[in-house]
Every structure is written in C-alpha cells, then in structure tokens.
Amino acid sequence: MTHGNAPAATPRSTLVVTAHAGDFVWRAGGAIALAAARGEKVTIACLTFGERGESAKAWREGRKLEEIKAIRREEAEQAAAALGAEVRFFDAGDYPLTATPELTDRLVEVYRATQPDVVLTHPVEDPYNGDHPAANRMALEARVLAQAIGYPGPGGIIGAPPVFYFEPHQPEMSGFRPEVLLDITEVWETKRRAMECLAAQQHLWDYYTDLAVRRGVQLKRNAGPNLGLPHRTMAEAFMRPFPQIAKELA
Amino acid sequence: MTHGNAPAATPRSTLVVTAHAGDFVWRAGGAIALAAARGEKVTIACLTFGERGESAKAWREGRKLEEIKAIRREEAEQAAAALGAEVRFFDAGDYPLTATPELTDRLVEVYRATQPDVVLTHPVEDPYNGDHPAANRMALEARVLAQAIGYPGPGGIIGAPPVFYFEPHQPEMSGFRPEVLLDITEVWETKRRAMECLAAQQHLWDYYTDLAVRRGVQLKRNAGPNLGLPHRTMAEAFMRPFPQIAKELA
Amino acid sequence: MTHGNAPAATPRSTLVVTAHAGDFVWRAGGAIALAAARGEKVTIACLTFGERGESAKAWREGRKLEEIKAIRREEAEQAAAALGAEVRFFDAGDYPLTATPELTDRLVEVYRATQPDVVLTHPVEDPYNGDHPAANRMALEARVLAQAIGYPGPGGIIGAPPVFYFEPHQPEMSGFRPEVLLDITEVWETKRRAMECLAAQQHLWDYYTDLAVRRGVQLKRNAGPNLGLPHRTMAEAFMRPFPQIAKELA
Amino acid sequence: MTHGNAPAATPRSTLVVTAHAGDFVWRAGGAIALAAARGEKVTIACLTFGERGESAKAWREGRKLEEIKAIRREEAEQAAAALGAEVRFFDAGDYPLTATPELTDRLVEVYRATQPDVVLTHPVEDPYNGDHPAANRMALEARVLAQAIGYPGPGGIIGAPPVFYFEPHQPEMSGFRPEVLLDITEVWETKRRAMECLAAQQHLWDYYTDLAVRRGVQLKRNAGPNLGLPHRTMAEAFMRPFPQIAKELA
Amino acid sequence: MTHGNAPAATPRSTLVVTAHAGDFVWRAGGAIALAAARGEKVTIACLTFGERGESAKAWREGRKLEEIKAIRREEAEQAAAALGAEVRFFDAGDYPLTATPELTDRLVEVYRATQPDVVLTHPVEDPYNGDHPAANRMALEARVLAQAIGYPGPGGIIGAPPVFYFEPHQPEMSGFRPEVLLDITEVWETKRRAMECLAAQQHLWDYYTDLAVRRGVQLKRNAGPNLGLPHRTMAEAFMRPFPQIAKELA
Amino acid sequence: MTHGNAPAATPRSTLVVTAHAGDFVWRAGGAIALAAARGEKVTIACLTFGERGESAKAWREGRKLEEIKAIRREEAEQAAAALGAEVRFFDAGDYPLTATPELTDRLVEVYRATQPDVVLTHPVEDPYNGDHPAANRMALEARVLAQAIGYPGPGGIIGAPPVFYFEPHQPEMSGFRPEVLLDITEVWETKRRAMECLAAQQHLWDYYTDLAVRRGVQLKRNAGPNLGLPHRTMAEAFMRPFPQIAKELA
C-alpha cells in the first residue's frame, strides 16, 4: 500500500510458505503470476516435496522415495518457472511435517533475505492434512522473529508484512471464509499452464479451474457496480488474519 | 476498486447509515473527510437525533424534546458541513430505535437515489445501545432490497456496494475486531473541527483523539516496511463483513 | 430412526419449509426425491413465490407482479410433481419476507396436519438474502409451538422431529458447514429433471449439478472404506442443529 | 454406513483411543458394549494407565508407581472383558501425556492392523486435564497418516473412518455439545458391570449412571414421535467432527 | 460490590425477569433465597404464567386456560413467598411470548421502581423454548432504557446493574457455560420447599436437586484450597454478560 | 473467597507467570500492588528477561546479550520491589520461548512452594508475540500437574486456584474481552512508580496510564449505582477462564 512512485530501487517482494510441492500452484498460482507480471519478485519456500502424503499415484506405481522427491521437485520447478517465481526446497519431510525451532530459524533467514512486502501461507486449520497447519505456525512464528533486532542471524530485520491465507481443499471444514477475492482473470492462462506442469495430479486441473470460475462469480456478486468485469472472471480466495492498512475504503 | 480512469461522469458516492446524530462524527469522521477531500459525494442517513439516549446533558438542563432535537440537528449539520458531507434526518425516534419495514423502505430509496460505491454503518452487536444494532439490520436489509429489480420504488437498482462497520464505543464488548485501519492523518484537523461542533459532548473530543492516536500506532505496527508514515499517524478502524475485491494482494 | 417393521399404518412424512418457489429444488431436491422414492410423503410449505427477489429475468422482460407469481407457481408445481412431493403456497410476500405470528401460526397448522418425521429448512444466516433466515426462524418456532398441547388450533400435537438445514448459495459466508452428506446418486436424474422445470433460472442448472458432484467427492473422502460407491457419487449437504438420535455409531 | 448384506468376511471394527485406563469405561462403555453385542471387534488403544493423574486414592494409600500401574491395568482388562473388547496398553506415561512422533507412529500401526470402521476418542479441549487433548491430537494425526500409501510401516492403508468424540467430565467447560445421542439402554447392565470393575473410583459409578439417565431424557426429548422408547432410556453423548455420510435423513 | 458499611438507608434490591411462572424457582431459587436471607429485597417480574407451554399436565386433565393461569399464579406466589420474594405477573401470554415495545416499557417501570443492584434473567439462546430468549431481549433492552434520563416515565433513572443469566434446561444446547457458581448450601432446604410448591411439575424436583449437587461438585473442583466447604455443597450456575467489577481478584 | 476471619496462619498467596521481564508491570502491576498492600505474598515467575524480543533499544545501542539480560533483570527487580513482590527468573530464553516439560516441571515446583490462592498469566492468543501463549500453556499445565498427588517433586499438592488472564497489548486482535475490571485507583501511584523503573520503555509509561484511565471509565460504566467511585478511577482488565466461586451475586 505504501509503494508510491519513488524511484523503484527494489521491486516489491512476495514470500509464499507452503507445506508441499503442489500447494503454491493450486492455491496461489494466480496471485503469484499477478505479482510476477507486475515485475515483482516472488519466492516460494516449499517445506517438503509432498513425497509421502501427496504422491499416492507414484507410490502405487512402485517408485522409491528419492525418485518421488526428484519427480515432485522437477514438476514444482517447472510450475514455478511458468508462474515467474523462484522456489526453494527445504526437504523437511512430510506426513508428518513437524514444526521445529531449526526449521523456523531457516524460515527467518528466508524472511530476512527476501524482505517480503506480502506473505502467503496456509490457513490455521485443516482436519484433513496436519502438514498445512504446521506450515502455518512456522510461517507466522518466523515472521515475528524476523522483525526482532535481537534475534540472531544474517540479514536485516523486516517490517511486519501483511499475511494472506490461501484456500484449503475443503474450505467449510477448515474454518475458511473468503475475506479477499483476487481477480486473476488476466493471468488465468498462466495459472492453467502451471497446473499442467503437475502431471501426477491431472484430476485436479479441472477441479481448480471450476473453483476459479466459482470464486469469480462470487467476486462479481460482491463487486458493487461492476460494469467493467468480463463475463468469465476468474478469482482466488484468501483470508487476512491481520488488519488491512488502507488509504481509502473500497 | 473499479473506478478507473474513465471520464468521471459521476463522482464516487459514499452512504453512511447511523442511529444517532453524533455517530458519524466520532466513528467515521475521518473516512468521510477523506472521501470528500477526494471530491466524492458523501450522504449521511441519520435515523434519529439521539434525542433521548444521547442527550443526557440537555435533559438535565431541563430542555424539552423538540428543543433537544433542534439542537442536535443543528450540531450535526454543522459537523457534516465541516466534513464535506450532506446529512438527511429520518427522525425515527431513538431509545429505542425500532426496525420497521417502513423505515427500511425509506432507506431503500436513499440507496437508489445515492447509488453508493461504499456503505458505512454500525456493527452487528452493541450490548450498551440497542439502537446501533437496529440501524445495522436496516442498513443491511435495505442494501439487499435496493439491488432487486422487483422491489418497487423510485430510482434504479444498485450494485452490491462493499460495507464497512465503524468502531463502537466499547469494541471488545461488541465483538469488534479491527479488520481495516484507515489512515486519516491528512484529514485529522478536519475531523477534530467536526467533533468540536458537538458542543454537548465535549468530554468525547479528547477520548476520540486518543483513540485515533492508538489506532494509528496499531496501523504502523501492521503496515509492513512503513518508512513513509509520519510519527503521529491517526487512524480509524473498521470491520468488513463482505469479501474485499482486489486486483493485488497488499 | 424409530421406523421399525411395524405394520406401516402411516408412511413417514417430511416437511420442507422454504422462503421462495425455487429453493426446495436447488437445495433439497435430492433429499425429497429419495424420500418420495421410498414411498414417503413430502410436503413443501413455500412461503412466497420469490416474485420480487428471485425473478429478475421476468421483471426485466416487463412482466407484472401477478403474472410473475403465476409463472413461478406453475414452475414450482411441476418441479414438485417431478420429485414426487406436494407443494403448498403461503403467498406471504417476499423481499422482504417478514416473520409474523400469523404466518407462524399457519405453519403450526401444517406441522400438525402433516405430523413430520423430518423437517428441512434454510440455515440461520444468509447475508445475501434476509428471507432465508426469516423462513428459518418461523420454521423453528412453529415446530416448538406445534409440540405444545396448550397451543390452540386443529390437529394433534407433534413429537420433536429432527431438523436439517440445507445448503445456502454462498455457504462459507453463511456459517454453513456440511454436517451430513446425503448420497443422492440414485435419484440424481430426477433432481436434474426437477431443476429443468425452473426455466427462468437455466444458468443454475449446471451450477447445482457441479455442486452435487463436489459434495459427492467430499462424501467419498469422508466415507471410510467405501468400496461400494460409484465413481460419480452425487450428494447434498445439510447441517443438523439438534442432536442425532442413534442406535449405532456409524 | 456401507456395511450392506455382503457375505460378512470381516466383522466391523471399532478403535477407541484413550488417555487413561478408565476413560473408555466411563465415556464410551455403552458404545463399546453395543458394538461387541453386534459381533463386531473393538480395540482399545490405552495410552497410559492414568497412574499419576487418576489414581489419587492409591497414592494416598502409599502405593508405588509400578504397583499402581499393575492395579490399573488389571482393572482395565477386566472392564474391557466385561464389555467384550480388547485393550492394548502403550504405557506412555501420564500427567503429562506428551504427544510425540513415536507414539503417533505406534498408533498408525494399530490403525492399520485393526482397519477401523469407526474411531472413538477424546474431544479437542479439556481445561482440567491436558492428557485428553494430547490423546485427541495423536488419534487424529495417526488416522490421517494411516491413510497414506507413502507413510511407511506394516499393514495396509485404511479408509477415512468416521470419528466420534466422547463426553468429557465437565462438558460445558470443554466446548462439548451433544451431537449424537446413542441409545445404550439394552447394554446398560453391561456398562454398569464394567464400571464396577474400577474399584478405585467407586464414587463415579453413580455419577455416570446419573449422566446416562440424563442423556437418555435428552434423547427422548429429541427423538421425534418416540412411542417405542422405554421409560428409562439410557444414553451416551458424542460429538462428530467430520460430516456424517447418510443414505437417508433421519 | 460497593455496598460498604454505610448506614443502610435502603436494602439492596434484586430484580428477576422470567418468562414463565416456574422459571425463577428451578433456575434461581437459591440466589433469591440467599438475597432474601441477607435482608435484601427481591422482585420477580414474571412475564407469563407458562399457561400454554409449561402446563401440559393441566391441559391433559382437560382444564381451561383461565383455570390453568389461576393455578400457576397461586403456585408461583407460594413459591415466591417461600423464598422471601415478591412476584409481579405481566400476563403477557406465552407460547409464543412476543417482545413488544409496550411490554418492554412496563419492564422499564419496574426497573425504575425497584432500582436493582443485581438483575437475573434467561440466557440469550434456547432452541427448545423461544419464550426464554424473548424475555432475555426485553430484560436487557429495558435495563438500557431505564438508565436514560431522556426516556419518559415514572421513577428515577437507574445505574447499570450487573446481570446474571441463569441456567437453561439444556445447557450445552443453549451455549451456556458456567461462569459463576453460587454456593446455595445454606438455603438449600428453602429452595427445595419452594420447588415443592410447584405441584404440577413434581418430576422436576429431583432433577433440579441432582443438578444442584452436580454444580456443587463443580464448585468444589474450582474453589482452590477449599477446606471449609461441606461434603454436600449445593450450587447454582450463572453466566455474566458484562464485566465483573472487583476490588480484589479472587 | 474463602479467606474468612480465621487466625491468619499464612497470608494469601498470588502467583504471576509471565514471559518477559516487563509484562508483570504493564499488565498486572495494579493487581500485584493491591495484593501486597493487603499484606499478601506475591511471587512472579518470570520465564525470560525479554532479552531478544523486547529490548530493541538496547540492541540498537550495540549492547551484548548478557549485558541486556543484566539490565532487564535489574529493572524488573526494582519494579517488583516497588510493587511489593518477589520475582524469580527462569532465564529460559525468549523469541522464541519454547514450552518444554522441564520448564513446566520447574513451574510445578513454584506452584507447590508458593501454594497460590490466585494465579495471573497471559491469555491464550497473541498473534504479535508467540512467547505469551507459550507462557500461558505452561502456566496452565503446571497448575493441573501441581494438583496431582502422583506427580513427583518437592512440596505439597495445591488446590485449584482461580486464574486470571491479563490484558495483551492488542486486545481486540487477541480475543481478549474484559471479564473482570479491577479497581486499582488506590495503588495507582505505586504502579506508576514501578513502570518508571523500566527506563528502556519510557514510551509505554503514558500508554499504560491512558489504558488504566480508559478501563476505569469502563469500570464506572458497568458498576451499577456507583456513587462512591472517584472521578478518576483507574482499572486493569482481566479474563477469567474458570468459573468464579461466589457466596453472593454482585
């Protein structure tokens, strides 16, 4: 909100903290592509490859752990490239992903290195997948620690960037309520291409296309006098746990 | 959000629905002054004068009902003028303000006449003053009715404008959580002047000045890298019951 | 739960209380068709025709109020017939539907006449349509009154039938959480035919087909070892405000 | 719900995960006895003996830790036998019971070995005993892990069995709301006998008898036309955190 | 709380606002008896006789409306006398009790006439009886109106007395959480005698005795080092919707 | 509540469990001073010095960790002395403060050594500082463990003392609702002196003075007929997670 017309020394920076290799594509691919399209920098901190919990097809095909991790890494790198973002893998092990001080400390380093203006991560609850709440807890804790001059480590302290929670797979069961509807129409094709990098989960391509259509309908229904919106508006939904800072009510 | 660079046929319109004559000053004076300063139109639908419930001083001085209503009307008109807004009085009777279909219908007319891009009103709960929730219910119901082509009455139907709830006097007891912090620093002097039009409630001038300071501190604490913010940032807090429509996460 | 193997003097009875003419089709058509297919009696108490709030197309075509009501009545009767249910119109006027003691009293009569074993109605909240909560309040109040021997009127008192809330159009914004997922696969074609009776709202046919698919996916994900479920399971979601009575945990 | 008329190769299986040796008797003895009476298999995973936190009498008598554990084990085995269930002790240490990956992993093994159709455990909150929420967290996490083909260990993966939370000692203080009332009248004498195996807690025998009467009264009040229910219906209350899968609304 | 050792001009005053004739006995008989035993004045504003909704036995015996009202009045007067309180009947009609400005205005008069130091009434929710929430709403609204010097009517304005909600019949289903446990051991026999005045509801005598025992157990479990409490402590539970004012944390 | 007129063998005891060196002053200095003024014993268990997360000024001045800890210790000791309390430092390391069984066990020892009649600690949530919820969890868990005769360690078991949560820095964002307003007017000067011992955080002196004024206004607004209260009443706000035990409703 405070990025005025100053000679843009550094572009704005977005940090996405996710549990598994595919999460950033399904849940925030549009937001990432929009930021990249504006010339901003997007960094994805991917805590695990989703090698145990989200690779059922590969396990059924008889593949081994390291092989599966390699596949998921490659898919995720392709998807990130398609969106215009950089992805960093933590390889922390999934199912369960366990929150530890060490992992949180590594996230603090990423916060300080990337100096994010915006943070995206999983919401607080998900009764179907405990890795998502674990990622949320570490993302939030690291964000607070990275602000403290007394917390040791490389890099300068950060300001308190706004946080957005992206939509879980079963929103009503996870206490998810759309608080922000982001218009991703103009980058929709990019998101679709990124989804198609995730070959192992082809059944989700249409699922998340339908979701984008539905959130787009909802966007239009809440958009006030919205003459300018296209018939087929595509959208992503987010929660916002901290207050929005505004110069205007709109 | 959709007010682009089109040749501005009509300026943006804000509608404020309040229970009593002073509410719009204490709770939304900054938001109103900001909109007016941008050249927008602000209409205040003031359902009662607060003649019974918020005029204790006048009653103790032995004034009569009509006299009190006249005083409060004049004060409110002066304050509205100071902020750059127009105020319409419904004279519906306070303490209690009772929600009726007739009153709601009159609000539908105002919605259709003003075609608001933004609506401000009281939040859902207030255990210390039942008139505020009554105003909330009517403001929300009229907003829905005014969108329906089948609902009779003059004026064209409206889109679904975003709604903001302003801060009640006892926020923690009324389920109020600051979801939007509006920077009102640049219009602060205007808001203070408007407050000073309400002579009968002088003890609240400093109270709401302190609140603006406090919300300003909170704004800065949530503003991310906020180098540009002045030392003494003033703010107003709002809730947002419907999803925000966004082109960018910030 | 208590409908054992007794010589079935009276078939089980389901009462559906809805605000507008189309609601029972979109939201509970599957549940109704299932009950009818089991030889049970289903009665729909339809409080309004949705003539003002849910007939935008007809108004834009320039039709008059009575004409619109006649159209909606006919469509609803056809849809009810397709599902195997009887519909009773209260013609109470929509947008707004106002809860009154008289209307509630008429509902008490229906409760006592139909002696329902199950009640379906709207959930408690809907920020996009105040008629739905109004229908909810009257349906619940009449259910309590109809149980009291001291409440006057024709017909015998009723037991306390279980209540189910069907899914609103924007579930996450209305506090809706799927507490019961009803498998409607075997009556899906019937529901689709009933939806197609509502010619004026053709854009919703596919919307509610997609919803049934989605709820079906969710059903399978919560169904335990579910070898018997078909690939394309269709479902409807409900809330259950009163405790379930059970002979077995399953 | 999907246990049709197929040639019943394997009987249905219930898994009960509890913190202390007595919990399964007081809170779910009726549900266990009902399942056993239907010829189903019930396995109790008992994480601790309750040796520190729930054996005050023995400590006051001057007994030693190992002695107390032996007493509680024997009592619990007798109670389980009375109910028709098998109990497995994890001896993980109580007061506090600490959730660990190792303990969760052992639970995954039990899930896969027992292939439960139904899971019973403690609810999420209990401000009077932190061991109960700890057991809840591990029971839920293990249930998710056991479904993943990528999670290592013996036994085949499981489906997603429905979960029921049994009633804590202070329900209103623990966010407990009766969502399912189970009629245990026909196995009441069995539950009473199992309670009487817990000699050290004789003061609770009548307490939980009274509770069963009270939940029975509530069952009848919510049972609709309930002509068939006996005067003295006994019941147990449960919460249901995941959606119920149903073929019929009842 | 501020009733120090001043020469007690006026004794403290308690106002109890209830929906039906029996409510004050079952739910607050102990609190009333305690206040009376301290020499305080207790006034019960009884909005209806419970003639339709809580007199099933009399209706089944074929009695007429006026006869039933007379019976319930007499019983309630006897019970009030036993407790040491005065009861005023509003005869507003139950099942449903409808909140109206007129009835609220009559309550304002009672507030101003009795100048209560403490107010007791029903809690906000009760899905089994809509009269209770209606009484709650009027009791709270009248309490606010009676404080306003601008609200017309006889009697002086009141301060803002603390409010307590007494326990409903199904606490877990009504959002009731015991926030205050009142020790009524010393007046228990008085409460029991008052209950026995309600001959028509003999089945509730033991029910509410058991509840008092149970709440007493809970009191002791929350009482800190409680050496002085008798073995059989009896208690009533209340909620407290407004902040407690204290001179000491205890 | 049970501290009658018995020959006061032991004075009442208050235990305050806080995360950082300054917390007890800003949030509970009044409560502590009041207890001390009554001749009671107050022990502060201070888990960390706030050396990393709450000493930004010292870090900016280039001081070292041990130096900062020494400064904060000295300030806190002076403030505790000013209030009349004893402070014990755990030096557990802040930012993050991590809950461990060892630290909890040390707290159990303090509980048993001090035998508290009242416990004060942080509330459950604080999205701006994770150390506060960590302190809350350990304080609550240790309180339960210290009651169990089977939990090993020196000192006798304790009763279940009432718990109060003090006010966090951003109450509305932390789910904080004032449930108890404590009148600290008579010890206000003492609290101010204690605040002034914390030289490094001078900007908070006026902040917390203003808060005390504001909570005092709220106290008066909820105090009923409050003729005796001074114009400038100062107050602190608390939550109460367990039921209040009372001999009188007031």
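Observations, loosely collected:
Letters A, B, C, D, E and F name the chains as they come in the text, with residue numbers starting at 1 for each one.
Please note the rule applied: contacts are C-beta pairs under 8 Å (C-beta built on N, C-alpha and C of every residue); 3 or more make two chains touch, one makes a residue touch a chain.
In UniProt terms the chains read A, B, C, D, E, F = PIG-L family deacetylase.
All figures in this text were calculated on a predicted structure; none of them were measured in a lab.
Shared contact partners of subunit A (PIG-L family deacetylase) and subunit D (PIG-L family deacetylase), listed by label, are C, F. Touch-path distance (fewest steps) from subunit E (PIG-L family deacetylase) to subunit F (PIG-L family deacetylase) is 1.
Annotation of subunit B (PIG-L family deacetylase) and subunit D (PIG-L family deacetylase): jointly contacted by A, C, E, F, touch as defined at the top. Repeated interface: A-D and one of E-F, B-F or D-F share more than half of their contact pairs by residue number, and that pair is D-F. A count of contacting C-beta pairs for A-B and for B-E identifies A-B as the more extensively joined pair. In this assembly, the chain whose C-alpha centre lies farthest from subunit C (PIG-L family deacetylase) is F.
Counting the residue numbers that touch the partner chain, subunit D (PIG-L family deacetylase) and subunit F (PIG-L family deacetylase) have less than half of them in common. Subunit A (PIG-L family deacetylase) and subunit F (PIG-L family deacetylase) have Cα centroids separated by 39 Å.
Among the residues of subunit F (PIG-L family deacetylase), those in touch with two or more other chains are 128, 173, 178, 218, 221, 242-243.
Here, these are the chain pairs in contact: A-B, A-C, A-D, A-F, B-C, B-E, B-F, C-D, C-E, D-E, D-F, E-F.
Taken in their complex, subunit F (PIG-L family deacetylase) has these residues touching subunit B (PIG-L family deacetylase): 128, 170-173, 176-178, 210, 214, 218, 221. Chain contact summary for the complex, subunit B (PIG-L family deacetylase) toward subunit E (PIG-L family deacetylase): residues 51-53, 55-56, 59-60, 68, 95-96, 98, 127-130, 173. The touching residues of subunit A (PIG-L family deacetylase), counted against subunit F (PIG-L family deacetylase) in their complex, run 101, 104, 140-141, 144-145, 148-151, 241-243.
Contact residues of subunit D (PIG-L family deacetylase) toward subunit C (PIG-L family deacetylase) in the complex are 1-4, 14, 31, 34-35, 38, 115, 117-118, 120, 158-162, 164, 178-183, 218-219, 221-229, 237-238, 240, 242-250.
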